[in-house]
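Chain nomenclature is as follows: A, B and C, assigned in order of appearance, with residue numbering initiated at 1 for each chain independently.
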Amino acid sequence: MADYFEKVLMEAETNYYLETYRLTSENFVGMDGPPWEINKFTLKGGKQHGVELVEIDNGCMSVLIVPSRGMGILEACTDEVSLGWNSRVRQVVHPSFVDQTARGGLGWLSGFNEMMCRCGLAFHGAPGEDMVPSNTGAEKKVDLTLHGTIANSPASYLCVDVQLEPPYELSVTGRVYDTQMFGPSYRLTSTVSTTPGASEFRVDDMIENLNATPSEMELLYHCNFGPPLLGEGARVLAPVKFACPRDARAKEGMDQWETYGPPDVDFTEQVYFLRLHGDANDRTVVALVDPQEQMAASIRFSTTELPAFTIWKNTMAEADGYVTGLEPGTDYPNSRSFERDKGRVAQLPAGGSCNISLVFGVASGAEQVAALRDEISRLAEGKERRVSPEVDPEYCPA
Amino acid sequence: MADYFEKVLMEAETNYYLETYRLTSENFVGMDGPPWEINKFTLKGGKQHGVELVEIDNGCMSVLIVPSRGMGILEACTDEVSLGWNSRVRQVVHPSFVDQTARGGLGWLSGFNEMMCRCGLAFHGAPGEDMVPSNTGAEKKVDLTLHGTIANSPASYLCVDVQLEPPYELSVTGRVYDTQMFGPSYRLTSTVSTTPGASEFRVDDMIENLNATPSEMELLYHCNFGPPLLGEGARVLAPVKFACPRDARAKEGMDQWETYGPPDVDFTEQVYFLRLHGDANDRTVVALVDPQEQMAASIRFSTTELPAFTIWKNTMAEADGYVTGLEPGTDYPNSRSFERDKGRVAQLPAGGSCNISLVFGVASGAEQVAALRDEISRLAEGKERRVSPEVDPEYCPA
Amino acid sequence: MADYFEKVLMEAETNYYLETYRLTSENFVGMDGPPWEINKFTLKGGKQHGVELVEIDNGCMSVLIVPSRGMGILEACTDEVSLGWNSRVRQVVHPSFVDQTARGGLGWLSGFNEMMCRCGLAFHGAPGEDMVPSNTGAEKKVDLTLHGTIANSPASYLCVDVQLEPPYELSVTGRVYDTQMFGPSYRLTSTVSTTPGASEFRVDDMIENLNATPSEMELLYHCNFGPPLLGEGARVLAPVKFACPRDARAKEGMDQWETYGPPDVDFTEQVYFLRLHGDANDRTVVALVDPQEQMAASIRFSTTELPAFTIWKNTMAEADGYVTGLEPGTDYPNSRSFERDKGRVAQLPAGGSCNISLVFGVASGAEQVAALRDEISRLAEGKERRVSPEVDPEYCPA
């Protein structure tokens, strides 16, 4: 007896491709529990023409996956709250419309609107000069573009799995190649999973270095939240081991760096770099709590897998993208050359791989929010907490 | 009783999309007047794969709209004359094939073949260094590319309207987003309309600044005409208030700047910058008259909405694109930094918008051409006319 | 009586397009000889979404043509051997996913995996500064990108021809435009042909300069072979008139420049520049022979049409792309400015064209390999052979 039902939706290698696909709990005789649905469809028109989406609706939470944009998560919604934000970028932009070299390497911003998008895999962070391998053996000085190429690389393999026994896990797996000759070549295999009725979902990523030589890797999960969670008085909760402002601008907000102001048309972003405490297994959790403390979004991850944590406060006017980013990463979103100097750029061995898991959840009601707050407090209890009021050259480029 | 029949053909927000659509006067019982037809179709093959076109054929004039290329107008034809030109670019190039940063920022030219395409909206004109806003609050020095991004931005909304009473106005409306995070964000809503049997069509544009902060805006209507209108002895007619050559090359042609020579393989473009007189409502009109004075194309617009007028004479060999551009704009197609220095770059307030209307017409036969000439003469009659034989630093970068 | 059956599969000008097409010998009553098949299909999913392929299977050899990538040849296979290689780039990448300006002009490498792809037509070779024409008549200094634009330009016309009498030639013709305003404008018409049962195929290219002014042209056929032909002890055979190493790195391998080592993870490419002898009609032939001397691939071409021959040895690890390139060209893959200085950049006159023909074949078994070796030896017999152990400034930039 099969433990899993599996259906491949796309496999570029064999030129197999389903433009649409729908699977529901009704397709499984005798499956008890909340009704659920998995739905693949393709957007048409404008800059989103040809973009593929897969929705997993587990009956409590609906998760919108974007295989065409590197298996990012567009949004996750329950009846009570929507995780995500209102970017100025209103369409789910197809990568062929994104020219990353435009605007001095900031072109990535013309497609940025996901609740979670990956930055990497060869580099992420601010645009800046760095050396890349070239064909001749000589390194070549180039201008790296903002946040790398993975978010604009489409998945070339996609499948759906349904566990046939309780808890009836539902999952969607995509595979994304980020490869070229004479350069880093990665394969990301990402599985998004949840169970019927749950108010959370997991992201399990495997990143493989397909090269026969070691490669540098940078990976940051750019997790973005706007209203209703974000609002005046919203708070970020984290088991802080260390925190510092990125620059003079962030330093200005040091005295309320863990809380958020209202939308402010004149606001300029403030960024804080952190290290976090975890439990005995290095698992940690961060949360964004709404002003009324009735709702929260949480992200659980490993401080071993993702030792760098960045908070991006961007409380501009709502029309301009009132948003905060909670960003676990292998390192910080500075230029790669700076991160390399500080010894924080990861290396994947030849043919090697690494695994990274995150869990995104919603806490609903004062009781759940309080429990989440307690959980985060316990992680830091009795441990070092150092909040530097000054820019720290170990973390922040001059 | 409805005054209008309306049919939405595409709405990206709701993922509604019709690949083809056809509507004719025969669909409307009892509608008198010339037969007409509106036809949406999608091009296949080569660099035009996926490009959407909408044709409005009003029975006298056929107008080809390109929603995929920012609601440009590919050509407009009557039985007697075709408005447009024969670019070296033979296909209607899909934006995903245009790399605007290529060739030192001249990549826009690999898709340029419309009778009317918009240049803008954040910038237009020659490539050049300028400052753009970045995420960090610091301005970033970048190389702006030729003529901006609007012509390579596809419409994400499209609808057809038919007025159900005389004059039975036919119109096609498209909406184009030109947006990014941390940068100017515009929405262009363009309506192309005409009436059955007319030898003219209108373009009514609304440009909205979606940001909560004011944004600079530059917009130029690059209107291009080749044979049969253009030929040796063709003339441009305009109610000239002021005119000057752009550079030494244009100065060489100063003594015949209002007439055109034959195709000349060695010709290098000559550009003239003008200000025009309008009527009491600031409406003005310019025309290109064919050598035999039997046909003319006219463009009517407002000198308040579009105070800058540019003439582009590019009478190269026919194979290379024998063409002239009559280009009403909010400012001149110099680099944005130069235009800003001269105080000519428009500002749209936060959430603000502006409206711009143009009417493109055909005059057919000596009588109509003479009437058009008289109309243009009257606009300038008894008013200042200053034609500078010299390059004027107020208009022309050194 | 028709000599040829012809079927147009795509004609962008008339918006005619067949997504799939299949034709076999069974469609022709009374056609004797080996069964054959021609098959057009479109890839779906990932970065290859929308890529068109045409396979000609002549019963002995199958040739995979990629109209979407400038009529390149993905691979050619017989029962015994596959000509081509295993690039890190696993998908047949659609040009809209290739940003050639990325990575300092090396973005072309993110789509490179063909057995034969063309580099050109305005420029090829290493990225580097050069002057290009601009609209104003002034030349503009730009950074040319690696290997030009033709390989990322899709065919806009495609047809199939079948000769109705012996030898029943099968051919596929595609037409690719590489054009822009104020720049070089070319049309490539490429016919790939073979006959049922043959172990070879021809490529007949016509390149037309559509401009009314002369244009520089560079064209290199990047022909790439990996295992099973390539392996430790494989040899390149050529009627060498002159050969020299490109740089110090190539000089290191001078004593075994005609043979190949095993996959070596630390290998850095070695490149050799050659001039070849031809027969009385300037036809020549080069070959790659497998280590066991049981198989060989051959390329026949004209030293008048393609006077420059380049060997690219890139025996990196198999995962990184263990491959050699045998590259006949109009000139060498140095920067265009260097090649111009040496007088090697071709000029196409206004409206002019040039024709280039290559034949790709497979020799199977010791006897055929020996015959090929003899043929190549005879071309050089009694003629000058100069192998420079030193970098020659006439061929190699400092």
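To be clear about the criterion, contacts are C-beta pairs under 8 Å (C-beta built on N, C-alpha and C of every residue); 3 or more make two chains touch, one makes a residue touch a chain.
Note that the structure is predicted; figures quoted are calculated from it, not measured.
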Is the chain-to-chain touch network here best called a line, a ring, a star, complete, or other?
complete
Give the rotation angle, in degrees and rounded to the nearest 5, that superposes the C-alpha atoms of chain B onto those of its identical copy chain C.
120
Length of the line joining the C-alpha centres of chain A and chain C, rounded to whole Å:
42
Chain B, residues touching no fewer than two other chains
96, 99, 101
So in the complex, which bits of chain B are touching chain C?
41, 43-49, 87-91, 94, 96-97, 99, 101-104, 106, 109-110, 112, 247, 249, 265, 268-269, 314, 316-321
Complex contact set, residues of chain A against chain C:
10-13, 15-17, 50, 95-96, 99-101, 132, 134-137, 140-143, 145, 149, 153-158, 177, 179-183, 185, 210-213, 350-351
